[in-house]
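In what follows, chain A forms one complex with chain B and a second complex with chain C.
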Partner chain A sequence: MTQGTAVIATGRAGVTRMPRWLTSEHPFPWLAPLAAMLAVFGLYPLIYAFVLSFQQRNRIKRVDEFVGLKNWIQLVNDDRVWNALSVTLTYAFVAIVIELALGLLIALLLDQDRKGYGLMRALMTLPLVVPPAVTGMMFLLLEDGSFGWLSQNLYMTGLLSPEHPILATGSTALMGVLLADIWQWTPFMVLIMMAGLRSLPKEPYEAAAIDGANAFQTFRRLTLPMLSRVMAVAVLIRGVDLFRIFDYIYVMTSGGPGTATESLSAYAGRIFMTGNFPYAATLSLMTMIVVIIIANLFVRLFKVRF
Partner chain B sequence: MSFKDYDKHKFVVDTCNAFTQKRITKRDFLRKMALAGLGFSAFSSQMLGVGRPVGKMLGFGSGYAEAQTPPDVEKWLKEVGGKYKGTKIRYSTEATPPSIVANQLAKEEFTKLTGIEVEVEIVPLEQVLAKATQDVQGQLGTYDLYYLDQSWMATFAPDTVDPTQYYKDNAELAMPGFDWDDFSKPLVEGIAMYDGKMVGIPFDIPIFIMMYRQDLLDKHGIKVPETMDDYMNAVKAITEAEKGNGIYGTTVQAKSGHYSLECDWTAFLWGNGGSIFNKDKMFSGNDERGIAGLKYYQELVKNAPPAATTWTWDGEGQSVQQGQAALLLSWGEFFPGFDSDASKVKGLMQAAKPPKENPGRRAPSEAGFGEIPAIGHQGGSVIALSQYSKNKEAAWIFMQWACSKDVMARVSTLGGGASPMRLSSFSDPRVKEKAVVGPGTTRHFDVVNWTINNAMGSEPDMPIWAELSNNDIPIELGKLLTGEAYDGSAEACMNALAKTIDEKVAAAGLR
Partner chain C sequence: MATVTVRDVVKKYGELKVIHGINLSIAEGSFVVLLGPSGCGKSTLLRMIAGLEPISEGDVLIGDRVVNDVHPKDRNIAMVFQNYALYAHMTVRENMSFALDLRKAPKDEIERKIAWAASILNLEPYLDRYPKQLSGGQRQRVAMGRAIVRNPEVFLFDEPLSNLDAKLRVQMRTEIKELHQRLKTTTIYVTHDQIEAMTMADKIVIMRNGYIEQAGSPLEVYDNPDNLFVAEFIGSPSMNLIEGRVEGGRFVSKGGTAIALPAGCKAGEGQAVVLGIRPEHTHPDPAGALEARVGVVEPTGPETHIYFELDGRDICAVTRERTGVKPGDPIRLRLDADRIHLFDQASGKAIR
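What follows is the complex of A and B.
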């Protein structure tokens, strides 16, 4: 046998010589392709963004200049960053609470094997396949102050005045954007909750029934505790996603009125589109750092295990 | 009848027979008809069948989509362009009528004749900016051509090839009869020049004109406004009289944080004798005329549908189509849409010269960074040849073709009344013929032409203008107009902007 090859027995042809690394039990050959992809598509852009955050574009000389911590200092002193962080946290918190509550409720209602429920479960997934930008456009039209169906109905009920369009009023604009998010992503929560419900053991429920527990007691004492880990994972996944919220805001409000709906990603996106890549990179890195901190706190607090 | 006439008639009859029996294609049929010296009206062209997809998409008639490339241009495309067969050129552009039409014609005519493939990315304007910025900062040459808004000329001037110079230096690539003098001088000065260099060839010219509902003005005995005071009085009078019917005096594009709001603001700033910068390159939106301009705009917003503070140009145009506003000073590009079949005001709208500035126009010499104050805010763009292109020759051939007399005239008709870039387009019989009430009308072109040559306002040329006009200015204006900040005080808003902008200008080393 030559160096660097291995002999593998095959059914009819006797033996086939294979490169040794293809039969190795060492993890390196098997991890290498994925590691290479991560390095190219994950690590390199991250390092590039990090380097960029210490530079500034000189628009007269048309070169990138090293400016040390200038972008980071600017970020700390930038009122819009703190406003954007506050908007992002509010948005993420409200969205998660509503989507989780609605998702759990709908999952409980749909968790039955009666006729037609399968179809309803399938229909629930439809919003998930709509591109977020299209969803944003749909809700932009629904909430339009002059022509929007939703706005017109709210005017008729007296809950809203035509003088204060949903998306042009600071106190309602964020909720207007959240509607799109909730419509699109509640089904995601439904799917996860439903999968969790289906995986719960039946024995505790049988014991509870024998003990005479009512439906609410069963839900509070059994379902919720047993589902908590699934819920925590769902919140984590959705929370990370919500921190990057951009599409709906970009399409529906451009971050306005003023900066009332400007999230961190929306701010970074705006700066990026005007060509200030170093500051946009700094903002993006800050978003990433905040997500890592919050996600880790959450994992420790709720003892999430994967 | 002479033998020659007989032959010609027989040729026409035989061709018609061949076409009706489907022995020849529509294209061959038109070519033969052209050889026979026959032209076709829009009506007869329609009768030949449904037009190109873009015609349907835009909701306009196919009309001159079927027009032929002039023989000399066709020969040039084959002989000169053919040398670059197989080359692929790329550019990204906004979804403007010229871009869409040129893209469509490129596939159907340019590529067929030259073999040069044209790959076009149609994306929102801010993404066009981001892509072009990435390309020039890395000097990548990913895009052979850039679609550049007039406000970006200073930013991209060093990255582009001066087309007039390239035309002279590469006579073997020059298109026959391109005629540089066919572009009006104010247009070239306003949108294509920076620091004495021509950055690109003018490609489209959306420009503010005045548009009004004739029926409503007649109903209330209001004359067509000629001054800024007339305009405001008319707007207020109609709001007062018609608000109960859901009709407002005017409409605006005042979405907070959007470039459209900046466009509106500049028009009324200039219309009230102000300018964005003074000759010392300091922000002057907070001087006496600047404050007057913003207060004027605030008053207009009060007389517009409340939802207008969530609208960009799309919502503004739609509101007129839906019969919600009587007068507007905005993009002439809207006008053909008002005459469309889907419009509730079809045939009711008229175009007029913008009102005269009050108390007068500030001279360009009193403004900074090449700003040209005048009420007819222009949002034109150019198509520019990238310094970093690896396919300059092929891209240059496409650029000349896309900006040629024939294509530009067809862009105006096929593009549903998009404002012409070339002087010859205004008098082109194909364009003139569409100057009637109906989809894709060109009946507002005389006003557009007048405004380009007499009242065209241009934003400053400075490398950080894209950032200021897309970020700082519309956000602060949005805060003011939606009551998020400044408590309605135009002075407070402008003073805050002055501080931010002056700091950024100084930090960028521009003063």
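What follows is the complex of A and C.
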């Protein structure tokens, strides 16, 4: 009995002796684990890449040497970087526009409480659980020049000729890769748009009906503006993601033909494979800077609030 | 302008019946008030007329046209919603011009109408604000503005003044009435405020639990209530009601107080009845037949409400005189015999 009391007493004493910033009342202990993870997996690589971007491997001494802005200057003068930037921007822009439009359209169609729509909504999310590499393989097979189901159908309609297979032709290869992206990521947009539609108040719709708005006017003047916040957030999330596009390209075209589908990440990956880590790091940093700038412009322009 | 006819209309939510076969005809250009306690189905009926709720049974006609399956946008009505239903992403000005924009009205006409509505509703300083930057009363006025800039065949108002302060409410009441006299647009106005109903209506429709209890002009329903519910619901302070039975051509209350009945009274001998008399027809009078003791005295200025107890019921008398009575004083009362109402105790129906 006395022993028990003693243990409790020391326990209490132990608690009071702990510095305040280590107690549960202080945010520090709660934030520390995540902060540590971020530091190890986010901050450290970032700083490492930053340092690396000012160095170059000396092949004779086999050490990294400080070379100042050399990598950065090389980057700016590298045509392949500019090509990759333009491929990435094109890819991201086309993907976002199509996925957003399709996503909104499908969400509007599925946002009804009719029989069977619940199942359709569930089925709609299936592409999201397929690994991107598998999606890439799937579309690679679909678009294969000789036996791809999609290619053959396109040959039959005359839109494409067998001499110019989708993925092996510079002008169509990017579109071929985009198909995989659109198939996989439109459901993501559908989900967000559906959640947005569900959260809209219904009273303004009644008022608009009485004010004489038809379906199209209601969509354009109520739904679109009321949904714009949600759309902006979706575009931002998807846009940042699209800027790092690598997997479909790697699986389907490896950036080819030539450099027709080589995105920034794909080019960085290629450089990395050749062992030029400092230059790859520089390119990755540049990608990050471009993303930050564009995302910030977007947030300002569309007054996105989280 | 158009008539509105409601024919045997029933509203069911699943198994739950909230409107039980209502019949109502509203004359062209008239101002009809739907009055009733909370939850009696006023909004539901109004929303069915607007086309926002499907009609379970019966017909609604605007003019000669059955509009059961007509979309609200094609009914040419304007409505003020109980919860405002403003467009949150539009300014006050855009909220009010929305309907006109949709109809591609000329710009100067839109400008003029908005300026006019804003001045009536004291909204001029707020035209470029968003609804979330307004108070409840201001939002309600925007909702009003959105309706009055239109030129509809029927106005539907769902408690449009409930969130305004007393002064503004009286002012808006007059504005709406004036607007109606000028435009002569058929108006259906929902409220649970009987003063609003009495002052504004050409016709009051009193509802309870999905039924119409009585419909008629304000003075008709005030002077000749069809049943106990209407008698008690209309008038403030409300009608005095005393339970008892008819004995030898007189009314005898449970406590034994006898009150002479007017000549030609149709109540049967021995019938259990409720006697009703309005406070303004109950007078303190030294020569009166009834004797009571004063409970509470409430001076309101122009008149004084004197409460006293009769057979265990609180009875009120209204007088314009300065009687100087105090709580506890004995008092004699006189009832205006020709203003006595009798109701059957079992059914609550008026005996006339």
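One rule holds in what follows: the second predicted complex is superposed on the first by the 281 of 306 C-alpha atoms of A that agree within 3 Å, B and C clash if a C-alpha of one lies under 4 Å from a C-alpha of the other, contacts with A are read in each partner's own complex, and residues count from 1 in each chain.
Here, a contact is a pair of C-beta atoms (placed from the backbone, for glycine too) under 8 Å apart; a residue touches a chain by one contact, two chains touch by 3 or more.
As the structure is a prediction and not an experimental result, all values here were calculated from the model.
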{"item": "Superposition on chain A - do chain B and chain C clash or fit", "value": "fit"}
{"item": "Partner chain in contact with A:256 - chain B first, chain C second, else both or neither", "value": "first"}
{"item": "Which of chain B and chain C A:275 touches, first, second, both or neither", "value": "first"}
{"item": "Touching partner for A:222 - first (chain B), second (chain C), both, neither", "value": "second"}
{"item": "Chain B versus chain C as contact partner of A:209, first or second or both or neither", "value": "second"}
{"item": "Angle, in degrees and to the nearest 10, that opens at chain A between the C-alpha centres of chain B and chain C", "value": "150"}
{"item": "Broader residue contact with chain A after superposition on the shared chain, chain B or chain C", "value": "B"}
{"item": "Nearest-approach distance, in Å, of chain C Cα atoms to those of chain B in the combined model", "value": "50"}
{"item": "Residues on chain A lying within both footprints (that of chain B and that of chain C)", "value": "none"}
{"item": "Chain C contact footprint on chain A (complex, rising order)", "value": "201, 203-204, 206-214, 217, 221-222, 225-226"}
{"item": "Residue numbers on chain A that touch chain B, as the complex places them", "value": "57-60, 62, 64, 144-147, 151, 162-165, 167-170, 253-260, 262, 270-277"}
{"item": "Chain A partner contacts - residues on chain C that touch it in the complex", "value": "50-52, 71-73, 75-79, 81, 83-89, 98-99, 102-103, 146, 150"}
{"item": "Residue numbers on chain B that touch chain A, as the complex places them", "value": "126-127, 129-130, 133-134, 137, 155, 158, 255-258, 305-307, 309-310, 315, 318-319, 322, 324, 463-464, 466-467, 470-471, 474-476, 478-479, 481-485, 508-510"}
